[in-house]
Amino acid sequence: MTLPVLIDQLVSGLAIGGVYALVALGFALIFGVLRAAQFAHGEVYMVVAFLVLAVLPWFPALGPLQFLLVIVTAAIFGAIAGMLIERGVFRPLADAPHIAPIISTIGLMILLQNLVAYLKGSELHRFALAWPQGNVSVGPASVPVLKLVIFGTALVIPALLQVALTRTQLGRAIRATAIDAETARLMGVNTARTSLVAFAIGSALAGIAGVLVGALYGVVYSTMGVTALVKGYAATIIGGVGNLVGAVAGGLLLGLFEVFVASYVSPRWTDAIVYTLLIVLLALRPQGLVGRAIPEKL
Amino acid sequence: MSRRPLRWVSALVVIALLVAGCGSPGNAADSDEIKIAVVGPMTGDAAQYGEDFTRGAQLAAEQINAADGVDGKKITIVTFDDRNDTTEAASVAQKIATDSSIVASMGHFTSSTVYAAMPIYKSNQLPLVVISASDPGITEQGNEWVFRVSPTNNLGAEAMADLIVSKLGLKKIAIFYLNTDFGKTERGFFTARVQANGGEIVLDEPYQPDTKDFSSSIIKLKNAGADAVYLSSYYNDAVLLIRQAKDAGVQTRWFTSAAVLSPQFTEIGGEAVEGVITNRISQGDSWDAVAEAYRAKYNDEPSPFVIYAYSAVQAVAEAAKNEGTSRQAIRDGLAKIQGLETALGPLTFDENRQAVYESFDYLEVRDGQFQLWQP
Amino acid sequence: MSQSAPLLAVNDLTVTYGGIRAVDRISFSLNEGELVALIGANGAGKSSTLRAIAGIVPIAEGDVRLAGESLRTVPAHEIPRRGLVLVPEGRRVFGELTVLDNLYLGGYTRSPEERAAGLERVFALFPRLKERASQAAGTLSGGEQQMLAIGRALMANPRVLLLDEPSLGLAPVVVEQVFDLLRRLHAEGVSMLLVEQNARMALAVADRAYVLQTGRIVMSGAAAELAASDEVRARYLGAGRLSTVPLDAPAPEPEEAR
């Protein structure tokens, strides 16, 4: 339509797409290194959002600094949750048939969801950050600062991750483990440890996405992880079978696509159209998630 | 030789089933309790409403039982969870209806679930008192087993259209509605009355159940130039929509369906929902008395659903007192209720078994609470 | 004692795969500065031997000692820190990573300064890798990939280098370059255990050799003596794909050496 509306829609799509991108990136990173889908990934996102909500009253209202603190706390909670899951579920099943970790993480997903619903109730819980608030002009449009910050966060974090993966020894070791774990061990890489680190980083990304979406919607709730997993998975498929750059691009594309379908077709049809296209995409790319894990360049 | 007894047994079973199927009052009438089913969303994100139902009904039962019950018979409340799901509502209704010790049922939260369950109550001849679902069609179907103590949504929505357009002079109206029976019908009544009053609908936006991200709808609202927004929503959607719209810098006046009335609305909404206006049927002294008892017991503010549930139990008790405690007797007794003093005020069922309502109160969220407001 | 003990001592090593003995109680040794070849036909158990020494398949029986210390229970990723590195069969470079990343990974166990020094040494040895440092390893030619695999192993500055069929699948000219490199490393004093099906060339560079047949060592001795023995000539140096390069053919000057 008009330019301001278009800008507004773009920013909205990129904000929610950024959240999807972080979820998808974490999912792809874990998949790349462990060669197994982490179905409780969305639950990490949900649990971290609830944990951060619980400690939020203790955070000083320091504007952007508080926001930064929230992100860091979410990353730490996410990393801890991820390490517990890796050690508790994936490591013991490393030599089990491939289906075993899948079933276990589906079980974990159901367990965590019900546990949070039992402890905190299944209703919505208010999640409000003191910063960012208000609107800012972008060209002729006025858009919420919050959405720009979320989009920015969802760009900066993958970029930092990319630097870490390509410029540090640990990052190289993680990528090597994803490509060929045995050869990585021949180089002296402790692949059990790189798996753990990759799992922690992937889960930290989920945790960050969880608080971002909490801030975006203004609420958190016990079933939010299901949507996250579905959208994150969809983003991975769109982005081209489990590579990291693709995951980010896929997430952003999905967010934009959803907003434009909702705006120019109908919100009623958004999910139906998105999932129909996904099925088509999967049919054209039957290899699905399996594929090259970590590309060379962002 | 060996076949005969078996045949006798089967014949007896068939007769027993037929008798039970006819809603035989048999043991229920002899029992010294009047068992009422309360059914609604006891789990899931509408569980708050199910809890309101249960608490309102329990409170009424306790108070009636403390005053020697219904001619000495105690009222018992049993709760059932339909998870606010139409399929589940039908199967739970079936379960309730086949329990011959239950003589009346009340609840099902939404119009969709009531529609799904209604035929089952009719075919099993068990009276159902609707205490929240607001589609007018429910009591226009000639199902003589279905009563409703709560108001229909056309009343609240039409009163709101009168307030916004005629009283406040806001002509450009945006409406968001939940894309279900409840939202669609309420939207229909509201829109018709806005147009009849000379107002204009500048944005007509449905949304799906469980929507959490309203961005694209809010962008439309931002550019619609609306003087006022009306929401045909339950509290969780309404809170999200209003908060996200305010976060996005939308400035307008907000009006909502009575369905948002819940402490959760102000709790989750916080400062974002300050100034939001809704309406409800007028509340008299008896309402306040029950609300007071509720606060004393639960240390919480009762929603209207508590009062509807309470009144429904009062109506069933009155019917049992006048006509007897069989399902049929309770149905007949309910149909005859005229001017019964209940928590809602004087209760009268019209020929469609719909409670008659005449006046409305307006409420504004002020200091984190719904407070009476004069236009 | 420590003076005379071999750098790498393999005693009664056995490797089994679900009950099948792929390597059956073999013993051999490698002394400081030596180049020892392990030759044998397809499926003889050569790779299994190297992989067991490097710790990526379990040692079923027997022991492997590096400078007197047992590697039996040392996890694979610790073995490069002890000074032993395997260049695996099929090169196994990380194709999606850059040449430089591959080399850095080779120096994973070392300090940043040691890595920098190692990189200089490898680039001096293989100027071609320096030219292609930022290229994805998967885009290199087979020969270049083999150079990278060896360079990557050298980044760890190992006391013992195990090489599993470095000539596999390479053009004859390139095979020559690989063996030329091995000679050069040998001259520099790197201790190496070389597995090859190309017995002719392996025996030409090695000091000593062992012949492996269905999991057992059937012959051993000085490389030149083995190359001269009738049995070895008949079984391993006869006509076939492995003897396409005659021993006395003039070795082309390897580019890297210039």
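Note that the chains take the letters A, B and C in the order they are written out, and that residue 1 is the start of every chain.
By definition in this document, contacts are C-beta pairs under 8 Å (C-beta built on N, C-alpha and C of every residue); 3 or more make two chains touch, one makes a residue touch a chain.
Since the structure is predicted, the reported quantities are computational estimates derived from the model, not experimental observations.
**Q** Based on which chains touch which, is the overall arrangement a line, ring, star, complete graph, or other?
**A** line
**Q** Which chain is the middle one, judged by CA centres?
**A** Answer for the innermost chain: A.
**Q** Using only Cα atoms to place each chain's centre, name the chain farthest from subunit B.
**A** C
**Q** So the centre of each chain is just the mean of its C-alpha atoms; given that, what is the distance between subunit A and subunit C in Å?
**A** Centre-to-centre distance between subunit A and subunit C: 43 Å.
**Q** Using mean CA coordinates as chain centres, what's the gap between subunit A and subunit B in Å?
**A** Centres of subunit A and subunit B (C-alpha means) sit 39 Å apart.
**Q** For subunit B and subunit C, what's the span in angstrom between their mean Cα positions?
**A** Comparing mean C-alpha positions, subunit C is 80 Å from subunit B.
**Q** If we count contacts the way the header does, which residues on subunit C are in touch with subunit A in the complex?
**A** 54-56, 75-81, 85-86, 88, 92, 94-98, 101, 104-106, 108-109, 136, 152, 156
**Q** Tell me, which parts of subunit B touch subunit A in their complex?
**A** So the residues of subunit B touching subunit A come out as 43-45, 47-48, 179, 205-208, 211-213, 215-217, 219-220, 222-223, 236, 239-240, 243-244, 247-249, 264, 267-270, 272.
**Q** Which part of subunit A faces subunit C closely enough to touch in the complex?
**A** For this pair, the touching residues of subunit A are 166, 169, 172-173, 175-176, 179-180, 182-191, 292, 294-296.
**Q** Can you list the residues on subunit A that touch subunit B in the complex?
**A** 1-2, 4-5, 8-9, 12-13, 15-16, 121-126, 128, 133-135, 142-144, 146, 216-219, 221, 223-224, 227, 258-260, 262-263, 266-268, 271
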